[in-house]
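Here come two complexes built around chain A, the first alongside chain B, the second alongside chain C.
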Partner chain A sequence: MERTAVRGRLSWLLADVVELIPETPRVKSIRLRVPGWTGHLPGQHVDLRLTAEDGYQAQRSYSIANPPEGENVTITVELVDNGEVSSYVHEELRVGDRIELRGPIGGYFVWEPARGGPLQLVGGGSGLVPLMAMARSLGGAAVPARMLVSARTQEDLIYRQELSRLPTEIPDLRVDYTLTRSQPDGWKGYARRVDRAMLGETTFDSGQNPQIFVCGPTGFVESVATILRELGHPPERIRTERFGPTGG
Partner chain B sequence: MTFVSRGFKGRRQVEAAADRVPPGQYVTDDFPVLSAGPTPLILTENWRFTLITEANEELTWNWDEFQQLPHEQVTVDIHCVTKWSKLDTRWEGVSLDTLLAGVKTSARFALAYSHGGYTTNLPLADLTGGKAWVAFNYEGAPLRPEHGGPARLLVPHLYFWKSAKWVQGLRLMDQESPGFWESYGYHIYGDPWKEQRYAGD
Partner chain C sequence: MIDDDRHLDGNAIGGLLQVLFGREMTHELGCCGNCGAVNPLGATVVYVDAPGSVIRCPACGSVLLVAVALPTGVRVSIESLRWIDLAEIGA
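After this line comes the complex of A and B, so read on.
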């Protein structure tokens, strides 16, 4: 596995909240401007830190949703039941507020166009976030890319409009969908949990030797990664990130 | 001057837990799964644990031999660098003191290596003195594959990425050699009480 140089110390930075974008009833994107940001790779994450007046602090990690673009960092936060940080982000945070973060963190679950393709993305629920940073970085890279997106309902599907638009802007990108719980009238995508047949139909086969990134809830990632191995992909080509039910 | 997040009150840990939860951590009842790749399926009949000394001497146990070694049951708190802590987790395994008892070594460091290519580095002193185990049971049942089964390292006083899943062996070394996450910017030692999450912390 390739290695990157160990970086210097990660300092806490004060970010400005520039825009809050509702993605679904339970998911919000927060566009931040981070003076001092040194850049990131698609797939990396940040640590967010909240501090109360008495000094009490809470931290959580969030994947970065945007490709590298100067001092701009966008995160997408799902509201977790009783989530200490996610409930603050959803219910209290406003444009003009400031918030502390540090990053970028992580160097294994990353992809950028220079790494070539084919690029295979498989995302479940809010596990789509780091994969979206990769898809958004495709641009005119001419890298063959496919994305399989799983959500419970159409309403739960984050980045819905942008996802439907992306393949028209990026001809080398194909996006397939499955809605596991309920489907709108006239739904043309899949209507079940991701399984072997679906992965066989929608993903690059092992002969094409894709770089594979799988992100979602633990059960989703365990199942998808196991099937991909059975389909002949070498384990070292399958990079995973799991979102447990906790987080906050 | 400390920054204050406007309107943030926070949900503090209950008093009893407060001194058991390192800074920046929160308590969860779940057992989240974090791994960089697919879960390897390892049958116990193929399982081996190997100690390799700095002189390249090898000591290997198969599953049955390993199970003959004295077991210890421990209840410990675990702390993941992704911020969750889990209190009073119950494990059963073989102490590294037992495994290292017959080994002649003057090495100061160890690199744990796992099925699937994962590695993590630790000072040997952090693996001895009743501080570390190779654990195969969790909460009274065989450790599940996604949590590192059949057996994982258990070093609860360091962040949990040091407790290598699917552990295959330990290489004892004179020099410290960064493991997998340590090479990606995570802290070389990883003490949760000093909040040593990333390089330079």
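After this line comes the complex of A and C, so read on.
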């Protein structure tokens, strides 16, 4: 299974848009069915390609949000100002449309239950997407897992309902939150950028030797990875994936 | 050390690397010809906002590989990438 998922030649496939799910005012999930899909691992991504009538092509990478489930692939796309692909996805794409993608891509920033734990996830903004595929794959795996989620506001927090439900369905999973810009009344989570004290309080310590996955904007990832190294985690246990402003 | 918010990492060019090598490459190790640092290609520093993609060593910043789009395809320049390991393949 792993072999089929991470090996092999990469070719463009046609995907059917099955469902469009608004996550926040600026983020949408797109459920796709991809005939010929060979399966994927949590953490992998796809390249999406749009072709205009004059032949102009634009291509972007999007993380896969769902755990492996046959030919189903869900991506979550944040609307980027002036982003030619994300604005098309948000404003033009309809159920029943077909789009071109290739994948699954990536073998470094991946995790599946067979790799064991403890599993430490740290996500900022839409960096939560590949981590969600990992969390959703936990199921009854009995892998101790923790997730620290950072968003600007509660409204910007993607998968909010599901995230609050997941720890009740998966007792080995703990989720902590920080809202960096504004917090609703009665907010019980953190209310600042991720820092050393927060990571110390919410994440597995280095003695537990967790596999760590950090995903988010570049500044977020660099800052979190640096602190985790200072907290004693070996660099090879900290895997990072950066989302950039060029992701449009 | 590279200190800016513009760069991404080797995960962002996983598709290109897979097209080049015919297999998943982001978990494979590469060695910088300038400083000798060995890192998974997924952990390299990547700029995709240049005309094309520039892949740099995360330790010293040396350019390892450049990929530029041409009207006819893509041109890949191998710069200071000394070696890469391909796991489970006989030479």
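What we mean here is this: the second predicted complex is superposed on the first by the 242 of 248 C-alpha atoms of A that agree within 3 Å, B and C clash if a C-alpha of one lies under 4 Å from a C-alpha of the other, contacts with A are read in each partner's own complex, and residues count from 1 in each chain.
We adopt the following convention: a contact is a pair of C-beta atoms (placed from the backbone, for glycine too) under 8 Å apart; a residue touches a chain by one contact, two chains touch by 3 or more.
Keep in mind that what you see is a predicted model, and the values were worked out from it rather than measured.
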item	value
Side-by-side fit of chain B and chain C on chain A, or clash	clash
First, second, both or neither for A:Tyr88, with chain B first and chain C second	first
Partner chain in contact with A:Gly106 - chain B first, chain C second, else both or neither	both
Chain B versus chain C as contact partner of A:Ala225, first or second or both or neither	first
Greater chain A contact set [chain C / chain B]	B
Touched partner set for A:Thr240, first chain B, second chain C, both or neither	both
Chain B versus chain C as contact partner of A:Leu10, first or second or both or neither	both
Where chain B runs into chain C (options 56-64, 92-100 or 110-118)	110-118
On chain A, the residue positions that both chain B and chain C contact, one per complex	6-10, 47, 61, 105-109, 218, 239-242, 244-246
Contact footprint of chain A on chain C as seen in their complex	4-12, 14-15, 18-19, 22-27, 40-43, 48-49
For the chain B and chain A complex, residues of the former touching the latter	2-12, 23-24, 26, 28, 30, 32-40, 82-84, 116-117, 146, 178, 180, 182-185, 197-201
Chain B partner contacts - residues on chain A that touch it in the complex	1, 3-4, 6-10, 14, 47, 49-53, 55-61, 82, 84, 88, 92, 97-100, 105-109, 218, 221-222, 225-226, 228-229, 235-236, 238-242, 244-246, 248
For the chain A and chain C complex, residues of the former touching the latter	6-10, 45, 47, 61, 102-103, 105-110, 217-219, 239-246
